[in-house]
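The structures considered in this document are given below.
Two complexes are shown next, each including subunit A; its partner changes from subunit B in the first to subunit C in the second.
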Partner chain A sequence: MRINWKSFVLSLAVLLILFPFIYLVFLSLASEWRFPEVWPSYLGFKNWVTVFGSETGLLESFFSSLLISLSVAVFSTASGFLISKAVFYHPKKRILTLLAYFPYILAPVVFAACLSFFFLKMGLFGNMTGVVVAQFIIAFPYALLFFSSFWNAKVKSYEDLVATLGGNKWQTYTKVLLPLAKGLILICFFQTFLISWFEYGLTSIIGIGKVQTLTIKVFLFIKEANYYYGALSCCLLIFPPVVLLYFNKRYVFKKLV
Partner chain B sequence: MKIKKSNVSILLFVLIGVVPFAAAFIYALLYSFGVIGVANNGFTLQFWESVLASGIFFKSFLYSFIIALTAVTISVGGALWITLKFKKQLEKRFLSFIIYLPLAIPGVVTGFFTLQLFSKGGFFARISHKFGLITKASEFPDLVNDGLAFGILLSFVTMVMPFFVLLFLNVYKNERVEELSVLAQSLGANPNQIALRVFLPILIKKTWVLIVLYFIFLLGAYEVPLILGQESPQMLSVLIIQEIKQYDLDKISEGYVVAVLYTLIVSAAAIVLFLPKRKSAYAN
Partner chain C sequence: MFLEVQHIVKSFGEEKVVKDLNFSLESKQTLSILGKSGCGKTTMLKTIGGLVASDSGKILLNGEDITETKPEKRNIVYLYQEDLLFPHLNAFENIAFGLRLKKIPEGLIKEEVNHMLQSLELEGQADKMPTELSGGQRQRVSFGRAISTNPSLLLLDEPFGSLDTGTRQRMQELFKKLTAEYKITSLFVTHDLKEAVLMGDQIGFMHDGILKVYEDKKDFIQDPETGVQNEIDFWGGLI
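So, the complex of A and B:
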């Protein structure tokens, strides 16, 4: 019987894609798994029970991450949408767009290291507000560039039409622009949420270990060689985006062309 | 005098989008020249000379460049092959969801997972021991924190390739490559000609900016090389943070020299990529 190589490759690819999810859940359930054992001596919900008992502060980290990411997503999406209008209708929009690309393209951790002095002076070092502000600074250019394609001639003509028919600015936004941009705003919200949710380097510099988001926890557990809690933190980190994917793939995939 | 609303928006844009970047760059620049900083006594070229003479920046830059280039080349090549061979199968309901799953995994988790699989006490070392290929953990080859950056490369490829597969599948559909391929076939083109003269040029031309952008992102990657990298040479972001966080105060200024050089390079790349007026993808 001739084996269809395409089916074989695809089955292998599916296994490879699912493997990290299965392995991390498995590792989070394991304990006392020493080399060279291929099967852990304990497999159960002990680690998960500990998390919900708040002993490790993982649940607290989960909610800190959630609060930070929601704040960053709300502020950056709202400001990105409102400010992008002026930027992309501006006669010098090419220069302004280029300026937005500079912070977007720079490694966030290097950006944070060079900004940390100012955060220290402003009392934003080592607290959650500082982390939100720092993440907002890197999420804002993304949100702004995200809406670049929205502000086109067609949308402009809709705005002109509303003005001609006697509508005011408020009505232009509530009756035309926001309904038109609703889908994009939702995608931008989730993508800026994920930028913040996945962020490590910048958070570690500005939060100086005091703001313990889930990514910070993963690193702490790696340093402590506590791989079971590390895997558990990873599970808490990756399953919310999987849920988002289940509802809408576009929330996670950034299609930029 | 009434201030126009659009001017307020532009002012806000400058405040949020431009001022922090400019402030960070000027701060790093002044620190690198010894103008500011705890132990610095005024303008000096000492730190720049020291960094340039030691070659630490060039070594790290070259190392990061080679890793980022290799990872992007493998990812783009692999993604093109997958798109070319499996586009129809990947449109099916189950697979069309599965291929999005890797995007839910951030760099820090990829680094942790790779470490769990390929370290000397990891999953593959246990399997090798079970099958009698090794007798103790130290016999397992160095696949993480290694000189050839195998762990970093593998992580980068598993992070970036799924993104490019999805991107190419989107471009394939939006640019009607299927219809163009059928047209080329009816004009007598063979499958190789279709792949090389229709499929590749369209996909690369539509996505080259993103390919370069991902190369730049990988050049400045931090989490993965921090977990899977070696002591020396290090990738750029890891080197910069390590120098800036040192107790040796001279090293801090040298760290800022590397940060300034890195910022100048990525800024120049941004100017080359985004300043010229981009022509339509199919213009001559």
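So, the complex of A and C:
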């Protein structure tokens, strides 16, 4: 009998990739699982019921994270798209593009430490607005660099053509530029959402523990050695990106290919 | 005169691309302009279309000074060598694009676009996306999109440059037919000698930013600068 090595290796790879996620779900359903027991003494929805009863504020963190990430994704995608156009037409676009890489030279924690003084002065320390602004500083340059590939001589020709056909700036955006960039805009929204969703360093410094996003919560549970709640919050952490990934794959990537 | 261009100058940095541009054109006439690459033809067209601001000079269209008018208010359509069809719209919607910008009633748009599709010999292609059309068909849709808005002036920047010889010839014939049918005034820029002679009611020759418009085609042919004499000598020498 011939072994189909290709499908075997592929199945193994898929299993290895999926295992941590399956294990996380399993762990979130377990409690009182001590060595050397092979199976947890309890397996059910106790942890989830507790969480949804808001005993630990995990659900609150989930919605805080969602609000912060959606705000960061919307603002950075919109401003990234508009400002990348201004940068493309700017005579010093190379220098401006180079400057956009600046936030990535430093580690987010160091970057946040550098900015903390200004955030303190502006009253943005320890509140949600401050966290959104801090994460925007990271996500916006990404969006700017992401959209820089969209603008080119052909797009400029489209803009000129619309103008000579009698279209104003608003019509140029709504009828041509946005439909042309639709796929890229959705991808950028997805990516900036993820940047914000999984952000830890900046959030922990600027939020000073008062803004507890889901990522912060995960680390807290791990520090407390509460693996079951840690696994549960990880599940909550992974769920929105998986939904976004599904929609991206179904509605965006398919159209781009 | 319908179009009067007076002392237009345009420089990019130190380089003077258009030098003292002066010419006029009657309504419903086509001025074809012959010139080599980099002689300033495109800059000239873009200046007239309002896409590039001139350094000095004046442009009058139907007696009105449009030098400072925004491109969207000039009613001058600029056609590129590339068809530039909007990839997210089908042939019908591409032609209807300018009409929709002007918020023309839907019924009238349908009527005008269908008539245009017929004039362009594109019946049955209305629902096709740009990627499903051939090069010639795409260029025809591009024409239709420009003409349907009833522009005062049409600026054509080597519109058939990317087409093969056969398609190019058919497009030249179609263009002649359309300009007569829709009474279009146009500036037709090309680097093809034969095309310049065929397409224009008047002919101009542009060299190093200076445009010379000839009284008639005979003057154009006799001017050694245009290269027509060289062509005649070449073909004559083969017989």
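Quick note on the criterion: the second predicted complex is superposed on the first by the 245 of 257 C-alpha atoms of A that agree within 3 Å, B and C clash if a C-alpha of one lies under 4 Å from a C-alpha of the other, contacts with A are read in each partner's own complex, and residues count from 1 in each chain.
The definition used in the following text is that a residue touches a chain if its C-beta (ideal position, glycine included) is under 8 Å from a C-beta of that chain, and two chains touch if they have at least 3 such contacts.
This structure is a prediction, so every number in the text was calculated from the model and none was measured.
Identify whether subunit B and subunit C fit side by side or clash on subunit A in the overlaid structures.
Verdict on subunit A: subunit B and subunit C fit.
Between subunit B (first) and subunit C (second), which does A:I137 come into contact with in this model arrangement: first, second, both, or neither?
First partner only, subunit B.
Now for A:S157: first (subunit B), second (subunit C), both, or neither, which partner does it touch?
The answer is second: A:S157 touches subunit C but not subunit B.
At the Cα centre of subunit A, what angle separates the centres of subunit B and subunit C, to the nearest 10 degrees?
An angle of 100 degrees, rounded.
Does subunit A have more residues touched by subunit B or by subunit C?
On the superposition, B touches more of the residues of subunit A.
Between subunit B and subunit C, whom does A:N127 touch in the aligned arrangement: first, second, both, or neither?
Neither partner.
Taking the superposition on A as described, I'd like to know which of subunit B and subunit C A:S148 touches: first, second, both or neither.
Neither subunit B nor subunit C is touched by A:S148.
Going by the contact rule set out at the top, does A:L180 touch subunit B (first), subunit C (second), both, or neither?
A:L180: touches subunit C, not subunit B.
Touch test for A:I17: subunit B only (first), subunit C only (second), both, or neither?
Touch partner of A:I17: subunit B, not subunit C.
Is A:L165 touching the first partner subunit B, the second partner subunit C, both, or neither of them?
So A:L165 only meets subunit C here.
After overlaying the two complexes, what is the shortest C-alpha distance between subunit B and subunit C, in Å?
14
Going by the contact rule set out above, which residues of subunit A touch subunit B in the complex?
Residues in contact with subunit B: 6, 9-10, 14, 17-18, 20-21, 23-24, 27, 35-38, 79, 82-83, 85-87, 89-90, 94-103, 105-111, 113-115, 117-118, 136-137, 140-141, 144, 169, 197-198, 200-201, 205, 215, 218-219, 222, 227, 230-231, 234, 237-239, 241-242, 244-246, 249, 252-253, 255-257.
Using the touch definition up top, name the residues of subunit C that touch subunit A in the complex.
46, 49-51, 70-78, 80, 82, 84, 86-88, 97-98, 100-102, 145-146, 149, 155
Flag every residue of subunit A that touches subunit C in the complex, lowest number first.
Contacts found on subunit A: 154, 157-158, 160-168, 171, 175-176, 179-180, 182.
If you look only at subunit B, which of its residues touch subunit A in the complex?
Residue list for subunit B touching subunit A: 5-7, 9-10, 12-13, 16-18, 20-21, 23-25, 27-28, 85-86, 89, 95-110, 112-113, 115-117, 121, 123, 125-127, 129-130, 137, 162-163, 166-167, 170-171, 206-207, 209-210, 213, 216-217, 220-223, 227, 236-237, 240-241, 244, 255-256, 259, 262-263, 266-267, 269-271, 273-275, 277.
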